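The structure's right below; bear with me while I get my questions together.
Read from first to last, the chains carry the letters A, B, C, D and E; within each, the first residue is number 1.
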Amino acid sequence: MNPILVLGAGPAGLSAAAEIAELGAPTILVEREAYLGGNPKRWHYSLLAPDLRPSDEILGPLIAKVEGNPRVQLHRSTTVTKAERLPKGFRITLKTGDALETQEVSAVVLATGFDHFDSRRKFEYGYGRYPDVLDFKELEGMIHDDRVLRPSDGKPPRRIAWILCVGSRDLQVGNPWCCRMGCAVSIKQAVEIRQKHPDIDAYVYYMDIRTYGLWEDLYWKSMQEYGVKFIRGRIGQVTLAEGGSQLLATGEDTILRRPTEVPFDMIVLASGMEPGTGTQEAAALFGVPVGPEGFLTPNLSDMNPVDSGLPGVFLAGAATGPKAIPDSVTEGMGAALRAYQYARN
Amino acid sequence: MSAGISRGPTDSVPAYYPGCSLDGLGKAYEVTAQQVLHRLGLSLDRIVDYNCCGATEVKNLSQDVSVALPARNLALARSMGRHQVVAACNGCVYSLARANDAVREPATRGRINATLEEGGAPTYDGEASVQHVLEFIHARAGPERVRAAVRRPLTGLTVAPYYGCLYTRPKRYTGAGTTPGADDPEHPHFLDELLEACGAKVLTDFSAKTICCGGGHALSDLDVAVAFSASILNEARRAGADLVATICPLGQINIENHLDRIRAAYGEEVLRPVVYFTQLMSLAFGASVAEARFRDNFSRPDLFLRSRGFA
Amino acid sequence: MLSANEIRKVVQERNQHQKGTGKKVVDVREEMERLEAAGEIVIHRIRPENRPVEVSTLFGWKKRIPTDRLWHHKSCGQCGNIPGYPSSLLWLMNETGRTYLNEPHQTSCTAWNYHGTATSNPVALAAVAARNFHRAFETGHFPLIHCGTSYGDYKEMRKLLVENATVRAKVRDVLGKMGRELVLPEEIVHYSEWVHVMAPEILARQKHRVEGVVATVHEPCHYYKMVPEDAVYDESIYAGQRPAVPSGILMALGAKVADYSTWYDCCGFGFRHILSEREFSRSFANLRKIRPMVEEAHADVAITSDTGCVTTLDKSQWIGKAHGLPYMLPVLSDVQFAALTMGAHPYKIAQVHWHAASAEALMTKMGIDWKTAKAEFREYLQALKNGQAPELLHPAHGEIETFFAINKGQVLPDEAPAAPAGAGGRSR
Amino acid sequence: MPIVEKSLVTVDRSERLEIEGIDVSGDWNTFLRSRVQTDLDVRIVDWIRSQPQGDTISRCWQCGTCTAGCCLHTDYGLSEFNPRYFIYLAQVGYEEELRKYATTIWRCVSCNKCVERCPKGVKVEEVIHTIGSYLEFTGGAPESPADRFDRAYTENLLRRGVLDEASLFRTYERMEGRTMPAGEMLKMGFQLFRSGRLRTGPLAHRTRGWRRFGNVLREKLKEDERCRRASLSAAGGTGGHSP
Amino acid sequence: MTIVAHLPQRALTLTEEESAAPPAMELTGRRRASPEERALSETIFAEFHADPRYHEFVLGCLNCGECTTGCPAARFYDFSPREMLQIAETGDATTLWDALQEKIWACCQCYTCNMRCRFGNDIAGIISVMRELSVSHGVASTRKTLAPFGRSLTLLMTVGTQVSSDMIQPDFFRDWGPFATGSDRAWGVGADIMRRAIPSDVLQTTRSSWEVSVQTSLELFRIYEETGVLDMLRGLDPDLTEMLIDIIEERREEFEEARERFRTELEGMSGPVATFRG
């Protein structure tokens, strides 16, 4: 049996590769970056919502399962440049640096993941212009390293605001979908900061809170136990406050029904999820249809979300839409199983 | 919250907490309640040296005082060896139950017991459950035994049952809806059943059953108190009631206290006699209009009842 | 990092495929071609003799700005109370050797009234626009819109006429009754776009250096917030994140264009408010615009490119003194400023005396000898009083018109008896 | 110039003003006052959370169930009485806006429907009263009739352990500067006396051994109030001052 | 259950009007709409939803409030574009009616809300639709609001401009200070001379912003007649409308007479009279 190709080594890809190996089949795991772990690794995610466990605790074992596994052929800093359909599977060309390598694979799992929305595209928030306007992925790193300080002057902030739905649910930037994670992750960050620095006031500007299912607990606790404040209404623009040392967040408090203009020391943007860099390429290489949002589309998303509908091509994780890590891991397993079944028959 | 309030063991003769109202302006309530309990073969043991429960007022000034006041009464009941305290006033039921809720927290209980000790009162172990006298009658006797005890059915009387706010509310304290023997928090019906058993026509869909009478502001916010009292009477009128039967002494007093104002603002036609439910039960059990102390009520139900042939 | 234009292109493409509420922005010019082919409309095309210059707009689309043989579509507010605004533009055209037509066969766009009192409707607005479009067409001159609101309104109306067959039919019917047909200009062109593309020629004639001048720009809302895809953007100006006009000309002239936090805000004109609710206009203009311009950006002058904005920002300042806001920051249009740098007479041409906030300090900074000019102007006024004929920038329009174009005595009734009060008059 | 939207604005103006020889009195110099909310003060909610009656405030998620059932808001039509809104203002820390309701918030009739229905276990009624206390303690706002009644009531019961209703009635009416017409008073007194209910003054009930307990509670009450106010100033107050 | 609101004021039987009235009015002292106003509000509500622009402008709302962020009116008025969109989207006849009384007039029509809206709503546009309706139905408060516009409406209807220099009288614009009108104060000559000093003859008119040919003004009036604007104006101010019709009628006659007198000159010309001949 030819090996099964897994494209992308984020939570979904890692889980798929580990599972295929577990089933006893050979796997080729291809990752564009030099490291394994995808976005969580890239941005040094701190604790993960909703259970507040360190991301390393989840990713660590997954990475360990593929690293040094004789059935998993690891290709870091590698992309797939060509895929020819065979009667069964594909002949693929791998490119590492300048080196090209051709292999035959019996099935493919596409786990190309997502990219965080580039907040510079939301001009009115001044991300990239004002150093104290952060993207929440950067704050993740700061929390991870326990150095929550204002980039502008290195001082600890007194008052932080989170703006939800940046680059999500917004036709202005062309992303009308919900990123699913923004609420939970922002609230989690606020909780982490309040835990460690109770003197920092945390405000979350929201339209709706979508801590769906059991994640609601995080939202409730953040209010009751950690005193995170929620202001309904979005910030429409961020400018420098008088004196220039603080940021002025202007918006409407839709409960107060009045415009608000409040100075903050730091503003955190909950940047949404967009189709990953590799997604378009993968779609083109393997002929998987892409939906209007730019994510890969399963054939029957409600019946079998990991089947592309094309023989031998399976999908997992945030490549098909915004997804949480546990869901991505689960989909990785599902896709692995389907790919294995296909490859074996 | 959905677990309900643990009621603990029941007493054959629970402690009875009269509260200031029943010893004061609501004397008719107390007298007729005793008559009714007696006829139904139920008895209660009065807490002799009770003190005011603090109602809804004291808590606005001090949490600890507002818990210590009812806690002293509960402690007295416990020192009488009782697990159950029955009160006839909605406000008392609320305060006592609220104290129970507060002392569930060990720190609070410690603080309250220190206060009790300092004041020379027995300490409270948090083990007394609180019940409204209506619930008590309903649970111990029930409509069947009431029906059996009726000597003179209240035939021809259309009664609007008025429960008031704090009888069931909030269920967090009273356990309404989730505790066996407690009434429904949104649609209470125990009074309906008892009065029906007495032969009266009860307006079970009376829309003002649990609305507030404004009694909390009986003196301090006359506009609200008058409007709310009037609205209860007006709803009774709209529903075709002859009189309003209540289980809440504050409600009764509040409405009656404002009769002149209600008359002036909304006209004579809105007015209806307002009686304690035990007065009606007592009447049904054979007491005379005088014995059931209908003359005590400012709204003069005695005149009305005599006009309907009740002696 | 994508450039602003690239981002907008991505968004535009994605929105075109968006399910649900995504509004697909269609290039109305393509639709116009289709309609013309179907014989429904006539396109007033920009011809070589209009000497067009190409610029790019919000989505990176190209827009051609004609620079010659233009039909001035005037602005009622400008002509009414800041006449130095159109005068400077005409002067600039004379100086740069452009031909144009400034004639009485036009109405205003009537959109000020519509946005102020709503005593109109889209069909009427479209018909008014189309009447003016046709008039320009029959003169063989390309319309150049002086006013930001007219520009916004005409963009909207052109879009409406293209997209809505019912309105189109109604308007064609109305026009037919007055012997006109439905003509839509290939581009709706704002005068500030003309100034923008004329920058090299203006620069070549610049007399006064303005390096020392700090200017703050107020971007007129109706220029870019209505039908945004028609506004001019340039990747070299604010990284393409804000409209390129009128900032571009100031940058080209060498003025320091200073940023301030409320650049995105409206001026407070409010259409209705500037006449009957000036409490609002003055509060907004002073507190949200002038104060930040002065205190954050330390501006010497506020530059804008619309009638209403000049009016509001300028005239509202004086009363600020009553509330501790004694700024009196000069407010000029881009074209007045450009004309001044080219040596236009500050009073005869730029007519700065119509402005409430004095521009004298600014002119000193620009090296303009306004004192002499002022004395000249005073003499000129006396001469006019003594019956001297006025100096005109162009031949008197009577020569191009039939006799009853003007009938001064009867244009307006002397008084309007039914009107309760004058515009902005006290009604109590 | 007319301000047509009179009900939509608040204004700053000088009734008499002349600038550079021009009379610009009244409308001519009127400026509108900004409605923009600029302050957020966590100290309000911190204090309320620290009070046993207010500790549930942070659970509120603004669903509005409380207001939907509020008899003052819904039945009485006092639309500015909005418990959900009061909680929000306190939660987020809009002190100035909250203070506008100082004269409304005490009108809560304590019917507890809000507490009954709150899906998150906020003791709304108690929280509302705590917010009221906050406003009273910090704002130097005049004591509300409800506060006066609470005090009169508590005073009254602390005297004998049980309430002397007639005396409470008299005391409170006096506090409010109201007097019952003599005729009415006599009529009522007679009816109460006849039915054996007029037990006031020396005739009133008294709880045995109350003196000691009452004194302890009195001290407790004073101590509590002192603590509440102290915790407020320890929290930095919010610019207000104790009356 | 709004029980208190059911309380009668002395009268025990509710009149038909009372029972149909929106609740809670007696106690709060808010003015209750008269039956005529209620009927009108229903008509306006129906017309509002029937307007073809309704579905084009109102798409949906996340209640994010970004529209309000940049709204100038919201800074000073108890007004927010979000609220207006909510009224448009979910309001009933009463809420729409209430909005027509004051709030629609607070809007500055600056279109900042449209530019900000992440849902693509046309909020300024839908407010215009509301305004149009209240104008054409002559809503009393609208008539009051627009009362000061008699002069500019006259100018607009007769020559198609809106503001002329003789309208900026120092006494009506005291807040603009002594030099706002470019006037005689500083220069010692009258307003007519100040206008003469403008270097374009078309602009030298004091009574209109620029000179407008008679033919053009008649064409404009024709447009108003044909497109229903005159009817709208009639709803707003019938007297003004009649006066304008008289003015225009007179002018038409003069125009026809002039056309007759200069027939020879015009002979052979087709289409519009005022043709460019340069």
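Things to note:
Keep this in mind: contacts are C-beta pairs under 8 Å (C-beta built on N, C-alpha and C of every residue); 3 or more make two chains touch, one makes a residue touch a chain.
These figures come from a predicted structure and were not determined experimentally.
In summary, the chains found to touch both chain C and chain E are A, D. Inter-chain contacts peak for the pair C-E, counting C-beta pairs in contact. Averaged C-alpha coordinates give centres for chain A and chain D that are 49 Å from one another. Per-chain Cα centroids separate chain A from chain B by 59 Å. Chain B and chain D, compared by their mean Cα positions, are separated by 27 Å.
The residues of chain E that reach two or more other chains are 1, 3-4, 27, 70, 74-78, 105, 119-120, 145, 148, 175, 177-178, listed in rising order.
Shared interface positions of chain C, defined as residues touching 2 or more other chains, are 21-23, 264, 276, 278, 280, 282-283, 318-319, 424, 426-427.
For chain D, residues touching at least two other chains, in rising order: 1-2, 4-5, 9, 19, 24, 28-29, 32, 34-36, 71, 75-76.
Listing the residues of chain A that touch chain D in their complex gives 159, 201, 203, 209, 219-220, 223-224, 227, 229-232, 253, 255-256, 258-263. Per the touch definition, chain E reaches chain A in the complex via residues 62-71, 74-75, 78, 80, 82-83, 116-120.
Partner chain A is touched in their complex by these residues of chain C: 1-2, 4, 7, 10-12, 14-15, 17-23, 241, 261-262, 264. The touching residues of chain A, counted against chain C in their complex, run 118, 120-121, 123-124, 171-176, 237, 239-240, 248, 292-294.
Interface residues of chain E facing chain D in the complex, by the touch rule stated above, are 1-5, 23-25, 27-28, 74-79, 102-103, 105-106, 144-145, 148, 174-175, 177-178.
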